[in-house]
């Protein structure tokens, strides 16, 4: 581990120890938050007993579907928009202001349109993630040097083939940035929707545990979500570094 | 004037007008141009900046369509589609940064009707030919500018094009590297028997490499002089020692000087 | 008006008209149970804005948002400047900030509720939490990337440290800092609103949640419309300023 990595690990360890100390000494009372070691033990208990497995599976599956939809439609949408300057210009203010709008307000609308199943939550996750993918993919496509496209045309490749073999691979690091956002947003969308109105999933369980002062369930579930999202993000960042490293950046 | 059927590439009355973004009169970048390229000849074009040399190259390659006139390659009209058998090396670095050298060169065979094993062999051959064999697994970011251009040339050669278009391929390189690359291009030209069309702003480069050199006027570019060098096919950079070399460059500069002055905004009569 | 300004206005008009048409079509498909049509919503909103009760909620939200934004911007700038200037601290802490940026902060919500209780402080905390990290990250970046040549020039002209910051560093850094502020604005707005949705008895978010619970479609649409118009308007202004700053940079 590098020296800086070491400092960072020490800093995080120190923060956790501080938290542990504050909890054990009673400065943070048990009702507000259990000590970190307790949270970890409770998490282990939950995972081993499998009591939350259905909820965990439901949330992660729905978030994955929302993510996949956001990625596919986002990338395709960006490629389509990239070729049509006027359409892109018209939509750009919408993209720029999109994330200030409370997308969750559309949740009731989606429930009426799609019924009470999993679809509305996936819809919210998708709606939140897709614009981040579009904006970042467009950014990457903008940066593809024209000479690379000309080279592909000289090779007599068709439009779709050029997009798949040249434009998108060239834009890949930027698309990855969009993917990172979409991962976070799909989780936010699904869990937030589960908070508001749902019959299952981790958001529902956390909300239920909160109402019942069940910290032994609530905190471990929160920790699990944080761990999953940080792990995925770290993996994507590492991949991004590899891609950029090959390009000497 | 009819197209000469023996010419490899034939341009008749070609002009290119770029449409104006605001809807007014367009910008005439080029023309009218009438010229034939003979099979297996080395043809160079020199001219002041902005005269339309690159546009001319793109018209021949089929990357863009002529506004008036016709372009023919091997007897067939070039319009909108890229014909088979053409290779282009651009001025900018066109290596794909996410692929290693070998994969870059192999990209040139995407549309080739060869078995996979044959493709691998062909790529190896060209890598050896261009002196890139030991860098096969390296990424373009790890190579110098000259080597990256070699990779682009290799990618063009691997599909065995019959017409090779080079748009100021050595523009970003230093003088010594340019001379050596020029010799390499001559070697490849003789080895492949392809017709070579080179755009350059370096007069000595054109004079050394080409069988015929066209001088273009300032925008809109037309051909104002066409020089035959009568060099032997087996030539290298020693050609610069001949007295005729000086005569060729002198004639090039004489034709070019007035046009260049026009481009930088000074009237031709002044010093 | 210049040609450019004409195009922007025309594009904005096309976008707005397009959205209104899409809205009307969606209403035609989904029916009264899901949506209220544009005209009816506008009338309802006008009536709503006239009522005292609503204005009370509005001012509550504005106060919470203002507080959250101030905290987010001030803390973000402070953290950003500090981590930007102190190389080691910056290198150690920035990845931690990036990781925190990527987690779905909505999951932390119950923890904040336990810590702050229901009411204003939870809202403000949640809003500030959303905005502080992007402001900090952008500021770190900009402080790191100040061109050394600018500092050299300042020194050659004999500028004192405070003058250096005021005359050279701040104007040079302003465009990037402003982009961070813009992102911070959007995210703080959403954060405050989400906070109000779950932990308040007053405010627009609370109103929205109640409307969702009572299935009062007109109210849902009216509140969403107000939020959307506010967010879009301020965002567009900020975007225009951002572009102007970057054009001059």
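All chains are identified by letter, namely A, B and C, in their written order; residue positions are counted from 1 within each chain.
Operating definition for what follows: a contact is a pair of C-beta atoms (placed from the backbone, for glycine too) under 8 Å apart; a residue touches a chain by one contact, two chains touch by 3 or more.
The structure displayed is predicted, hence computed values, not measured ones.
S.K.: Using the mean of all protein Cα atoms as the middle point, what chain has its own Cα mean nearest that point?
M.R.: Chain closest to the assembly's C-alpha mean: A.
S.K.: Greatest Cα-centroid separation from subunit C: which chain?
M.R.: In terms of C-alpha centroids, the chain at the greatest distance from subunit C is B.
S.K.: How far is the middle of subunit A from the middle of subunit C, if each middle is the mean of its Cα atoms, in Å?
M.R.: The computed centroid separation for subunit A versus subunit C comes out at 19 Å.
S.K.: Distance between subunit B and subunit C based on Cα centroids, please, to the nearest Å.
M.R.: Centres of subunit B and subunit C (C-alpha means) sit 53 Å apart.
S.K.: Using the average of all C-alpha atoms in each chain as its centre, how far is it in Å between subunit A and subunit B?
M.R.: 48
S.K.: Could you check subunit A for residues that touch two or more other chains and list them?
M.R.: none
S.K.: Within the complex, which stretch of subunit A touches subunit B?
M.R.: 145, 147-148, 150-151, 153-157, 165-166, 169-170, 172, 243, 246-249
S.K.: In the complex formed with subunit A, which residues of subunit B make contact?
M.R.: Residues 61, 63, 82, 84, 86-88, 90-94, 96-99, 107-108, 110-111, 139-142, 152, 155, 159.
S.K.: Which residues of subunit C touch subunit A in the complex?
M.R.: Its residues touching subunit A are 7, 11-12, 14-15, 18-19, 30, 33-35, 88, 91-93, 95-96, 98-99, 102-111, 113-115, 185-187, 189-190, 193-194, 197-198, 205, 208-209, 212, 215, 217, 220, 223-224, 227-228, 231-232, 234-236, 239.
S.K.: Quick check on the complex: what are the subunit A residues that touch subunit C?
M.R.: 4, 7-8, 11-12, 31-33, 86, 89-91, 93-94, 96-97, 99-102, 104-109, 112-113, 180, 183-184, 187-188, 191-192, 195-197, 206-207, 209-210, 218-219, 222, 225-226, 229-230, 233-234, 237
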